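Here the chain labels run A, B, C, D and E in written order, and each chain numbers its own residues starting at 1.
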Amino acid sequence: MAILIFKIALILILFLISLGVAAYATYGERKVAAFMQDRIGPDRAGPFGILQPIADGTKMFMKEEIIPNVSDKLLFILGPCIFMVTSLMTSAVIPWGTAMEFGGVKYAMQVADINIGILYVFGVVSLGVYGIMIGGWASNNKFALLGAVRASSQMISYELAMGMSLIAVIMMSGSLSLTDIVTSQGDGKLWGFIPVSGLNWNIFYQPMGFIIFLICAFAECNRTPFDLPECDTELIGGFHTEYSSMKLGLYLFAEYINMFISGAIISCLYFGGYNFPGLSYLSTVLNPNIVALLSFGALFAKAIFFVFFFMWIRWTIPRFRYDQLMKLGWQILLPLSIINVLLTGGILTFFNK
Amino acid sequence: MIQLTSRSKVVVDKKMSFKEKLYLPAIAKGMAITFMHMFKKAATLRYPEIKREFAPVYRGMHVLKRDEEGRENCTACGLCAVACPAEAIIIDGAERQKGEEHLYREEKYAAKYEINMLRCIFCGLCEEACPKDAIYLTDRIVESSYTRNSFIFGKDLLVEKMDDRIDISKRKKEYHID
Amino acid sequence: MVQIDNQYILTELQDKFGERIYNSYEPYGLLTIELDKNSIKEVLQFLYDHKELQMQFLTDVCGIHYPQVFGKELGVVYHVHSLINNVRIRIKCFMPIENPSIDSATFLFSSANWQERETFDFYGINFIGHPNLKRILNADEMDYFPMRKEYPLEDGTRTDKDDSYFGR
Amino acid sequence: MSDIKIVQSPPNIEGPGFQATSLDKIIGLARANSLWPLPFATSCCGIEFMATMGSNYDLARFGSERISFSPRQADVLLVAGTISKKMGPVLKQVYLQMAEPRWVIAIGACASSGGIFDTYSVLQGIDKVIPVDVYVPGCPPRPEQIIDGIVKLQEIVKNESLRRRESDEYKALLGSYGIQ
Amino acid sequence: MIESLALNNKSEKTDYNILNLGPTHPATHGVFQNILKMDGEIIHETTSTIGYIHRAFEKIAEHKPFYQITTLTDRLNYCSSPINNMGWHMTVEKLLGVETPKRVDYMRVIIMEFARIADHLVCNSIIGADTGALTGFTYVFQWREKIYDIFEEVCGARLTTNIGRIGGMERDFSPACMKKMHDFLNDFPKYFDEFTMLLERNRIFMERNIGVGPISAERALNYGFTGPNLRAAGVDYDVRVMNPYSSYQDFDFMIPLGTQGDTYDRFVVRQHEIRESLKIIKQALNNIPEGKFFADVPDFFLPPKEEVYNNMEALIFHFKIVMGEATVPVGEVYHSVEGGNGELGFYMVSDGGRTPYRLHFRRPCFISYQAYPEMIKGSMLSDAILTMSSMNVIAGELDA
């Protein structure tokens, strides 16, 4: 019973955090963009403009909802819902921190520790594209349709390379469970000879895999340089051209949640998740609950850094063209990720003999 | 390729070096640039609070000048209205009556002087056309408003207030005639 | 190597076309010829193919309207440029306002396409052989040719001016 | 934020049913700080609008930097530049596609009144086809003036009652433009 | 047999997608409408409709005295209005047979080259923005702002400048203005390099642009291309060199050339033209001669205000000029300058009246934009948008 309460509480907290992060990521995006462009950014709504997301949200709620006459109404409403739900669901298998302890019972800071966590992430993420697809198709607008088609083909091509790059990580940890992958990145000997504490991260073993995974994550989140499904200058708004009011808000929100979650997943896979130097020492001296919060903080900070990184990239580089994107996905990233798998396998067998 | 002069040179190089082919170096360089800009002082002026200084010759809202004794300079000759490409100026002239010498400098004066600020393109031709030192454009901007009628500026808004003289000496042109 | 100047061009043209060149003069140094409108195609082709001249750049096409010249009310003015020799020539063709028509230059210059459409739009000059002669700048529904001198500039929808001042 | 002075509500939002309640005020405040523009930039004023978006003036400070080119998502239609008679129906179409509440700013002499183009082909002010909330003079207006226009519009938005869009006056206003 | 069937199928494909791009599409930057017939994302056929901001410049010009037409030329190519202004003044001066002093020429060159920089900055930063890199746009717009400051210091306006007068300049450069110009020359190149580094050799950007919307030199000439677009195709036609006006023969500069006439060529050519313009401005600022800033044309150049107040003769000239009653020779004149987008020509017919009898603008955008359907045929939607922004089609100039 207690575990149920804990899990429900965790789900609620994660839900709120995701939403809060997404809301403030919109603000962060605007501020980051502004600073990179020598501007100030929103600063009128509240001190430093921190109420900006609230203003935006309120406005969107109060805006008139337009459902085009020519659209498929059910699907039109379903699209943003699917997108939002899937983006929120992904966070379920992420180990957010070390275990908490209440009354001598340990509670893992993870909604569901399923032993195929990674596969679950993949499954849910690939469902997300249905949200875009359905929304774009139901709008009955050519720009939206083009955006939807671009989105789905992009997702399909990049998921492959993403999966291949992950296989290398799975080979190293020998498990599909995210918890195992994270714990294996704690203490140990880096490259087999440098003793480290909480820094035995996969990034040091899998730099190429990381880059491939990162690029694919960009593509999965529809962020520049892969924001073809919604690029302003070509498709106006892409798949969400016809959406107004909060349905548009859901799309925009979900995009930022996706960014946050992929930041968290990247951290878990390559940057040690909640591990940080000195974690094992602290857990011996401090209350486990405080340690759990600290480790959660570490993961959170890493995820936020990646959100920033996403924005940084967005405001720096141009986007690809559709055919170049396909070429990059199939002709460069996929072979590279296969090579990565082969290399990893070779090295593993060579050294672990 | 057709060569017409001897002063031309092909400047485009479409061959990518290996480093350029790698994508990442150029991206990293770009990211470094944008990152450095994060710590630069923003170029922004917070406009309604901090106002940018305009050039002294800026062509903003018009003013109908008075002379040192506070008399209106305008003599309603109509040259400004003729010179206006937007035909935004309407003048009604009237004869100066006895006892009004302290109000108007010339024998004729503009009983009605209206500029339609929405039509006006602030080209400054009226200022140039004025032979009587009467109309000037100033470095003040015309504020936006809610109705079209509120942009018809009559003499009440245009004639310079005695307690708020506008210095236009910097606008006057200097001619170096040898 | 021949000296390419206005005189040379004029002689070449007169040798070839003779009487069909009605008039020629050089305002501000630019050779201008008035041409029989039926020979515009031939002249443009001649200038284009001429070994020395190579007038292969059509700078400009525009119309003009002289309502008081009877029988020659509408005109088309061509500016042709030889980039190699850096020489220009202006060709004018006039035609009566009833059923004005002239051969299109699109057979030689792709750039003539829109310029002729514009001229048609403004003056109603019919370019024979033009691939797509319809209005370009104005709305298709327009039923007059606005640049002809008899049509006013304003459409009378402006409400905020008083025309009684200063002879406007 | 603090030193924005309270002004009299502008003339076109006064009248019965227009007095803002406190809920209205909060929502008005939110809306005013999140005016997403749809730049309908046709000519010179469009370039000045770009300058307004640029670093030196930064429209983002007013929460308005998220340009939405899709009319469904925009709150304020910024008409910048000459609207010819050929363009008029397009402009009206865009206005119709926008979701309520929607506002219109006419930027520059051409959009507001026709400017120097008193000709057969130019619409003498966009208020001939759609209702306009704020006029910005100038040809083209300085970025300061465009920001002024946005600030003036924010005043309208802040003080607008939520019921205004259902009121008869508003319907009559739209009706006069042939919008049901 | 099977092959021919497949071919047949391809050629008889009838279900094309029709996509209406514009007139308010964001990438069209205003008012161009292109109806694209598309096969997936490949453009098969394009129909361009223009005229959405037709403002009847030529008709207005027939109703306005000469000095008021400057305000019209401002609004032709509003990205580089000073060039248009100067071109118009030079046309009238050519008609009147006025010789301008060297100082006027140099001042004009400085202003025109600044305008060219401003124009090319807009174009290139918009190419960047259309590829998705918005930041470069904000960087160079700060410098465009500085050019505006200079214009403001010279004439009092930022964009539609109404700069210069028939027979000279409106006023001399003020010391503050000179300082701003020198500051610009000193600081701008560094920041411009930054912009260049962001885009020019970035593989993503290069791949987006190379081979996009190409046009061969022959086709470009046939389509009447001029300016950077023609030079990108590899023809070094530049009015400043071929028919120097306003003392351009005094300056040493190079004509940058492209090879294929694709978007990348156009981008790089413009980048280099900015650098060349800087060179010209530097030379002009260093060698600017002393002297009057107006020519001796009492019939057109307004006398000093003090003279007007006190001197009857000056007052009469003043009235004559403003009323537009100065005598003009009868005749016709064609003058062209190198505008932001190419040869900007003015063909004026004067009948001796107060207004031109006929004034035709040779608008480079209008003429070169016709090639657009041909240039984007067979390319993708994204390419079409880049091609359009790289041609720098300015609506005001296109529709007149």
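By definition in this document, contacts are C-beta pairs under 8 Å (C-beta built on N, C-alpha and C of every residue); 3 or more make two chains touch, one makes a residue touch a chain.
Here the structure is a predicted model, which is why all the values come from computation and not from measurement.
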Contacts common to chain B and chain D (chain labels): A, C, E
Contact-graph distance - origin chain A, target chain D: 1
Most remote chain, CA-based centroid, reference being chain C: A
Pair of chains with maximal C-beta contact number: B-E
Separation of mean Cα positions, chain D and chain C [Å, integer]: 44
Centre-to-centre distance between chain E and chain C (centres being mean Cα positions), rounded to whole Å: 24
Where chain A and chain C are represented by their mean Cα positions, the distance between them in whole Å: 64
Of all residues in chain B, the ones touching two or more other chains: 2, 4, 27, 30, 33-34, 37, 42-44, 46, 82, 85, 87, 116, 118-119, 121-123, 148
Shared-contact residues (touching 2 or more other chains) in chain D: 55-56, 58, 61, 67, 69, 86, 113-114, 116, 118-121, 139, 142
Contacts with 2+ other chains: residues of chain C: 83, 86, 137-139, 146, 153, 160-161
Chains that touch, pairwise: A-B, A-D, A-E, B-C, B-D, B-E, C-D, C-E, D-E
Parts of chain C lying in touch with chain E, wherever the complex brings them together: 27-28, 30, 32, 56-60, 62, 64-65, 77, 79, 83, 86, 88, 90, 109-111, 113-115, 118, 122, 135-139, 146-147, 153
For the chain B and chain C complex, residues of the former touching the latter: 2, 4, 78, 81-82, 87-88, 90-91, 116, 118-119, 148, 152
Chain D residues within the chain E interface of the complex: 40-44, 46-48, 50-51, 54-56, 67, 69, 81-84, 86-87, 90, 94, 116-117, 119-122, 139-140, 142
Touching residues on chain D, where the partner in the complex is chain A: 1, 26-27, 29-31, 33-34, 55, 58, 60-63, 65-70, 72-73, 75, 99-101, 162
Chain E residues touching chain D - in the complex, by the definition given at the top: 23-26, 29-31, 51-56, 59-60, 71-72, 74-75, 78-79, 122, 137-139, 141-142, 144-145, 148, 158-160, 395-396, 399
